[in-house]
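For clarity, chains are labelled A, B, C and D in written order, and residue numbers in each chain start from 1.
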Amino acid sequence: MSPGVLLLVAAGCLVAGIVSGLRWPRTWLTLTVIGTAAALGASLWVLLGSTDWEWLSDITVGGERLHLRLDALSALFLALLCVVGASGALYARGYWSDRQFPVSAPRGRAWWSSLVLCMGLVLTLSNGLHFLIAWELFTVSAYFLITLENKRPAVRAAGWLYLAASHVGTLVLFALFATLASHNGNWDLGPAMREQAGLAPLFWLALFGFGVKAGVFPLHVWLPSAHANAPSHVSAMLSGVALKMGVYGIMRFNGWLPVPPAAGWVVIGLGSLGALLGIAFAFAQNDFKRLLAYCSVENVGVILIGLGGALLAVTQGDAPWGRLALAGALLHVWNHGAFKSLLFFSAGSVLHATGTREMSRLGGLWRAMPWTAGLFALGALAVSGLPPLNGFVSEWLVYLGLLGAITSKAPAAWAAIPAVILLALAGALALASFAKAGAMIFLGAPRTQTAMRAHECGRWMLGPMIALAVVCAVIGLVPALVWPVVTRAAGSWHPAWALAESPAPLVTLGLVHVALALAVVGVAAGLWWKAQTNGVQRGLTWDCGYATPTARMQYTGGSFAGIGVGWFSWILQPERSLRRLRGVLPASAFRQERMPETVLERVIAPMGEGVLRVSSAVRRLQHGRLQAYVLYVVAGIAALGCLVLFGGKP
Amino acid sequence: MISLLLIFVPLAGAALAAAWSDNRTRPWFLPSVSLVHVVLCFRLLVVPPEVAPDAWLGFDKLARAVLPAVSLLFFVCACYGVSYLAVRAERSNRVFVAALLAVLGLLSAGHQARHLGLLWIATEAVTLAAVPLLHFNGTPRAFEATWKYLLVGGTGIALSLLGSFCLGYASLHSGGSGDLTFASLMAQGAGLSRPWVLIAWVLLLVGYGTKMGLAPMHTWKPDAYGEAPGIVGAILAGGVTTVAFTAILRVRAVVGAAGEGALADRTLLAIGLFSMVVAALFLLGTRDFKRMLAYSSVEHMGILTIGAAFGGIGLKAALFHVWSNSLTKGALFMSAGNIRRAAGSASMDEVRGMAMITPRSAAIFVAGMFAVTACPPFGPFFSELALVKAGFGSGHVFAIAMLLGCLLFAFFGITRVVFGIVDGRPRPAMRTGGKRFVETAGVILPPLALLCFSLWLGLFTPPLLREAWEAAVQQLHPAP
Amino acid sequence: MNTHLNLLIGLAMGLNLIALGSSRLPSLILVVSAQGMLLGVMPLLLEHDWSWMLLAVVVATVGGKGLVIPALLRRAMRAANIERELEPLIGFVPSLLLGAGGMIAAVAFSQSLPLLPEHAGLLLVPGAMASILTGFILLIGRVKAISQVCGYLILENGIYLFGLLLIRSTPLMVEAGVLLDVTVGVFVIGIIVDRIQRAFDSLDTRKLTVLHE
Amino acid sequence: MNTVLELIFRLAWWLILAPLLPGIINKVKAWVAGRRGPPVLQLYYDLARLWRKSVVMSTLASPGFVIGPAVAWVALLGAVILVPLGPAGAALSFRGDVLLMLYLLALARFCTAWAAMETGSAFEGMGAAREVSYAVLAEAAMVAAMLSLCVQTGSVSLATMLAPSAGAGAVLLAAGLFTVLLAENCRVPFDDPNTHLELTMIHEAMILDHSGPPLAVILHGASMKLLLFSVLLTEAVLPMGDLSPFAATGVLLGGVLTATVGVGLVESLLARFAFQRVPLLLTTAVLLCLFALLVAWKGGAA
C-alpha cells in the first residue's frame, strides 16, 4: 500500500472525525485512531524505505496546484504527530469526558481532529501558499483547543496571548513566503531553493517566525500560560508536537534555503541560552504544568543546540560530527514528544484527581495513584536525560556531536564548549526540577484535603500513558533501532549525510542500558526481599524529637528550589511578600512568592503599555466635535499639498 | 443598453417602492430588484459589452472588475433586509426601501461613469440617498451621526467638485474642448497643465477619500456605521466606499497619463499607510464592536490605497481585495447587527458571552473576524498576501513592513473586542430581560452565504474574475 | 466687461469678510443670500452671447442660492426658535484677520497659477479661493448648526465661482450638478436641522458630541 | 572465561576496596587529632551489621524508599565499571562513555534525592535540596574537567582520555577535581559527615531515615563514589599510559591513597564552610577546570 493511499485514508478519517466528533464519540475515536495509524504507516513507509513520496495534483486551491511531499524529515515529525494524536484522543475520552464537559467535549473532539489534520498538512504541503493556510488553520484550531474552558478568564487570557504571539509569527511568515514567491515567481517550496544565494537573509525571518511557535527562548512568552491553562491532553499535544512544528519549520527552511554564515552561531547560542534559562524558570515554578511548560523551552533549546551544531558543521566543510549533532536533535524531537506528553498526561490525571496545579497543595499522592506516580517518575528520569531512558540517548548524541567539534578543534569549538557546559548545567537543573516536582506531588504526606481525596485515573487515561512510557523505554534500551530512521531524516536535511552506518556506538550503549536495567531490577528486587526478610517496621518519620509533625511542616517546593532560584534571581525576578512574626502576640505570618514570566512582564508588557498610551492619546482626537473634523479635512489637504509640492522628486 | 438597465431598474424600483402602500410587502422589492440587478451584472461580467471610448456611461473594464461585487453584496443584504425590516415592523420602511434601491441605482451609475462630472454627480447623489438610511433608527444618536456624515461628507464632495473643475481647467490649457470623459483626458496626457493637475489630484484625493473614509477624513465613519442598521453599514462599507475607490483610480489614471504617476502613487502610499496606522491605533482602544467595524473598514481602505499605489500587480491585488473585503465585511456587519439587537448594546463593557445567547451569529462573527484579519482560507488572506507579494516585488519593503505592523495591531484590537463579546458568561440581565431575539434563517443565512462567497473567492478564485481584474489594470495602466 | 465682473467678485469677497464678522444669524443669512445673487448674475457678464440655457442657469442660481435657501434657513431658524446670537469658537476679530490674510494669500497664490489668457485679468481664482477659505473658517469656527450651513454655502459659492472658469467649455451638466448639490444638500440639511432641533432641543452643535471614542 | 575472571577481579577491586577509604580518612583525622580513632575496617563492620538489621520505614514512605538506594547503587556500580583501572584498562570502553559515567552519577543522585524525599521530613528535604543544587555547579566543573581531557587527548572515551598526563594544566585540573571530589562526596568543607546538627548536613541529612540494608547499600555506594573520584583524579593527573603495568598499579594505589589522605588532612585542618560560601568554592573549582581546559587547548595548538 503506497503512502499516498494511506495518507488519503488518514485525511478522510480526520475530516470525517471533525464532523463525527460533534455527535458520536466512539466513531470519532475509531476514526482518529485509524487515521493516525494510516498516517503513521505512511511515514514509516517513507522512513524505513529509501524513497520519498511526492504528489503533484491538478487540483488547484487559491490558484496553486496542490503539491504534497513526504520526505524523511517530515515523516519523522508526522510519525510523532500520529502517536501523540492517537494517544491524546484516547486519553481525552477519560480526561475530558462528555459527562463532565457536555458542551466543550464535542467541540474539543472536532478541533482535535482539525488540529491533527492541519499539522499533518503543514508537514506534507510543499507549496508556500498552502503551507501558510495549513499553518494558520493549525494555529487557530490550537487556539480553540486551548480555550475549551473559556468560562475561566485565565484560560481566555492565555488563549489570547497564544493567538497574539502566533499572529506575530504568522505575519513574519507572510513576509517570508511573499518574498520567496516574488523572488522565485512561484509558490513552490523545495530543495531547489538551495541554490539561490540571494535568499540567505530569509533565514532570519524563518528563525523568528517559526521560533515564536517553537518557543525559542526570548520568544517563548506565550508558552507557559497556554500550556498551563489548556486541558492536559491539549498541553501534551502543544508541547509534544505543536512546538515541533516550529522546529520543523526552522529545520525545513534552513535545509531548503541557503543560510547566512552567522546562522549556526546564533542558533546554537539561542539554544544554549534557552536550555539553561528555560530550565531555571522551570525549577522556580510552583504550578507543575507551568514547570513542564518551561521544561519544554529547555528541550527546544537542546534541539536547537544540536541543529546549530549541524549548521556550523555544514558551513565548516560537512564535518561528520555535525551529523551526530543533527541526529541528536532529530531524535530529541521524538523523545521530547514522547516523555513530555507522558508527563503532561500524568499531570493531567493529577489535576483530574485533585483539581489543583499548585504543588504546595499536593503531596503523598503515590498512595492514591501509584500508577501515575510510577509513570511520572519514569517520565521524570527520561526528561532529566538519565540513562537508561530515551532522553539520555538523544542528549548523548548531541554531546558527541559537540565533543566532536571540540576534539577536532574546529572553529565551531568556541560555540561548542560553552554549549556543552550549559547543556550539562541544564541537565543538572532538570534533574533538580523533576526531583522537586515528583517529590512535591507524589511523596511525603498530603498537604491538603483535596490531595487526600485523590483517586487513580481510569484505564482510558492510563493506557496511553503506559504506551508512551513503553516508547520512552524502548528508544532508551534499543537506540540502534531508531538510528536508520534518524539518519534518513538527517539525509533529507543535508544530502551529504545520508549514509547509513552509525558513527556512534549505539549498539554498545543499548547493551549497557539493557544490562543496567536488568541489574536495577535484580538489585532492587533483592534489596526489597532482603528488607522484607529482615523485617520492616513502620514508624513516624524522624522529626528531631518533635512528636506530632503536621503535613504543613514538610519541605515546600519553594524552599527546595530556594538555592537555585537565588542563583538565577537576576532573570527570574521573584516577587516575594513576607510577613514575619512580631511582638508578643504575633499576627499570623505568611510568605508568598510569585514567579513572573520575566520576558513578558518586564519587557513586553511595558512596550505594550507604551503603544496603548499612544493609542489612547490618538483616540482623544475623535472627540465628536464637528468643527475639528472639518479642520482635519483641511489639514489633510494641507499635508497632501505639501507632499505634492515638496515630495515631488525623490 | 443593459448597462443603463443596471441604473434605471433600481431607480424605477425605488419609485415603485415609494409609491407602494403596504408596509409589510414593500421590503420584497429589495430582493426582487437586486436579483434582477445581480443577474444583469453577472451577465455583463461574463459577456463584457463594447464601450464606445467617448461614452459618458458604460460598463467598462473597471466597472466590470468591481461592480459585480457590489451587486452581489447588495443582493445578499437585500435578502437580509426583508427579515430585518420584518423585525422592525413597527416603523414605516417606505423611505428606507426606496432610498436603498436608489442607492443601488446610483452606485451602478457611479461605477459606470466615464465622465468626470457624471461621476461626481453620481457620488453626490449616493451620499444624499444614503441619508435617510442612516437615521432610520430615529434616535438622537442616529441624527447626530447623520449630521456629521452629511457635513463632513458634503465638505468632501464639495472639494471633489472643486478638484473636478481644476482638472477640467487643466484640460483647457492644451486646447481641450472641455470634454471631461476620462478617455479624452487621458488622451490629452502630458498636455494637461501640471500645476492644475496636481491641485486637482490633491482635491479629488481628499474629496473622494472622504467618501472612502481614508484618515484623516474618516471621522464620520465610526459614528455613521455605529448608528446605522447593519445592512446599511454593510452597503456603505462595501458599496459606497468602492465607488469612491474606483473614482480615485480613474483620476489616478489621468494623472498618470499626465506624467505625474509616480508622485500620485507616493501620495496614495502616504495616505494609505497613514489610514492604516490611525485605524490600528483606534482599533487598539475601541470598546464598541460596531465602531470597531468602522475602523477596520478604514484600515482596509488604507490597504486598497496602498495596493493602488503599488501599481500593476498591486492594483490587481487591490481589486481582488475590493471583492473579498466587501463580502467579508458584509457578513461581519450583519452578524454584528444580530448581536447588537440581541444584546441591546454594542459596547464590550455591557455585552458578554454572546456565544451562549446567539450562538450562530457569534460563530459567524468570530469566523468573519478571522476572515477580515487575513486568516486563511478566506478571501482577504489571499488578496492581502498577493498585495504583500506585490509590494516586495516592487521593492516597497518599508511600506510592507509598516503594513504588516498595522495588520498586527489591528488584529490585537479586533480579537480583543470580538472575544470579549463572544466569550465568557452573559450578564444575567441579558438572559432574562426584554423580548428574546430569535436567530431565524432569514438573519443567519445571508451572512453565512457571504462568508461562503468569501471562502470560495479565496480558495477557488474564478479565472474569469482574475481576467477581469487583469483587464481593469490594463485599462488604468495602459502599457506604453 | 472684466472690470464689472471683477467688481462683482470684489463685492463677493467683501461679503465674505462681512460674513466672518457678522455676529447675528439673520445678518449672516442675509450675506449668504446676497452673495448667492451676485454669483447668479455673473454668467451674464462672463458670456457674450446669451443662450436660453444660460438664462435658465442664471435664474436657477439666483433663485436657489439667493432666495430659496435663505428662506429655508430662516424657516429652520424660526422652527428652532434659537436666539439670534452666534457664539464663535474662533472669535470674530481672529476670523476676520484670518479671512483677510487668506484673501491676500489667495491673490498672491493665484498669481503663480497658469491661467488661460481670457481669464488672466479676472479675479475669479482668488475670489474662489477666498470664499472657500471663508467657508472653512465658518465651518470650523462657528458653533450653531445654521451658521455652519451658511459656511458650507459660502464654500459652495467659492466653488461655483471657480466653476465659472469652465462655463464656456464644459457642458451645463456640471452646473446643474452644482445646483442640485446645493439645493438638495441644503434642503436635507434643513430637515436635519429641525430634526436635530427636535431631538436635542437646541442647534448648539456642542451638544452633538455624544458619539466619540 | 578470561573476560569473566577479569570482570570479577574488577568488581572485587571496586566493591571490596571501596569501604576502606572512609576508614583511612578517619584514621588520618584521628592521627592528626592525636587520637587512636576507629579501626580502618570500621565501615566493613558497620555494613555487615546494617545488612543484618531490620528496616524501619516511615509510614509515608513508598517502595521507592527502598528501590531508590538500590538503583543509586547500581548506577554507581555502572559508573565505576566504566572507569579504567590503570594498566587493566576499562572493562568496556566506547566513544562517549565519559558522558555515560557522568549521567550515571546523576542518576544515582536523582534516586538518592527521591528516596530522601519519600519520608516527607523537612530535614531530608533540606539535604536533598542542597545535594541537587550544589551538584549543578559540581557537574559544570566535572564537565569542564572532562572537556579539558578531551581536548588534551582528542578523544572522548575514558580509556584514552585518562591514559596520558593532564599536561601543562595538570595542577589546575588536580585542584579542580579534588574540590569536586570533596563536594560530590560531601566532605569538609562542603559537608561534615560526622556532624550531629541536621541543619548543617547535606548527605547525612538525606539518609537520616534510612536504616538496615538500604542504609548499608547507600553507605557502600558512597564509598564507591569516593573511590571512583580518587581513581579518576589520579589517572587524570598522572601519565598512566606510559608506565609499565606494575608501576602503573603502584602509582594508581599510591594516588588513591594520597587523595584519601589528602581528604583526611583537609577534614582535620579545615572547618566546614558556611553554606553561602559553598557556591563560591565550587565556582572556583569550575574556573580551575576551565583554565585547565584553556591550557589544554593552547597546548594542543602549540
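The criterion applied here is as follows: contacts are C-beta pairs under 8 Å (C-beta built on N, C-alpha and C of every residue); 3 or more make two chains touch, one makes a residue touch a chain.
Quick caveat: nothing in here was measured; it's all calculated off a predicted structure.
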Requested in this report: Between A-B and B-C, name the chain pair that shares the greater number of C-beta pairs in contact.
Outcome: A-B
**Report entry** Mean-CA-position distance for subunit B and subunit A (Å)
**Finding:** 44
Query raised in the report: In angstrom, rounded to a whole number, how far apart do the mean CA points of subunit B and subunit D lie?
Result: 78
Report summary line: Distance between the CA centroids of subunit B and subunit C (whole Å) is 31
Query raised in the report: Centre to centre, by mean C-alpha position, how many angstrom separate subunit C and subunit D?
Result: 99
Query raised in the report: Multi-chain contacts in subunit C: which residues touch at least two other chains?
Result: 139, 148, 205, 208, 210-211, 213
Query raised in the report: Hey, what residues on subunit B touch two or more of the other chains?
Result: 147-148, 151, 155, 222-223, 282, 285-286
Requested in this report: Could you list the positions in subunit A whose residues touch two or more of the other chains?
Outcome: 619, 622, 624, 626, 630
Report summary line: Every touching pair of chains is listed here as A-B, A-C, A-D, B-C
Report summary line: Per the touch rule, the subunit A residues reaching subunit C in their complex are 619-620, 622-628, 630-631, 634
Query raised in the report: For the complex, which residues does subunit A have touching subunit D?
Result: 363-364, 366-367, 370, 373, 377, 380-381, 384-387, 392, 396, 399-400, 403-404, 406-409, 417, 420-421, 424-425, 427-429, 431-432, 434-436, 438-439, 442-445, 504-505, 508-509, 512, 515-516, 519-520, 523-524, 526-528, 530-531, 534-544, 549, 551, 553-555, 559-564, 567
Query raised in the report: Given the complex with subunit A, which residues does subunit B contribute to the contact?
Result: 147-148, 151-152, 155-156, 159, 198, 201-203, 205-206, 209-210, 216-217, 219-220, 222-223, 262-263, 266-267, 270-271, 278, 281-282, 284-286, 370, 373, 375-377, 381-382, 385, 388-393, 400-401, 404, 407-409, 411-412, 415-416, 419, 423-425, 458-461, 466
Query raised in the report: Inside the complex, what are the residues of subunit D that reach subunit A?
Result: 51-60, 62-64, 66-67, 69-71, 73-75, 77-78, 92, 94-96, 99-100, 102-104, 106-107, 109-110, 113-114, 117-126, 128-130, 132-136, 139-140, 142-144, 147, 150-151, 154-156, 198, 208-209, 212-214, 217, 279, 293, 297, 300-301
**Report entry** subunit B-facing residues of subunit A, complex
**Finding:** 60-63, 129, 132-133, 136-137, 140, 147, 150-151, 153, 156, 160, 163-164, 167-168, 171-172, 174-175, 177-179, 181-183, 611-612, 614-616, 618-619, 622, 624, 626, 629-630, 632-633, 635-637, 640-641, 643-644, 647-648, 650
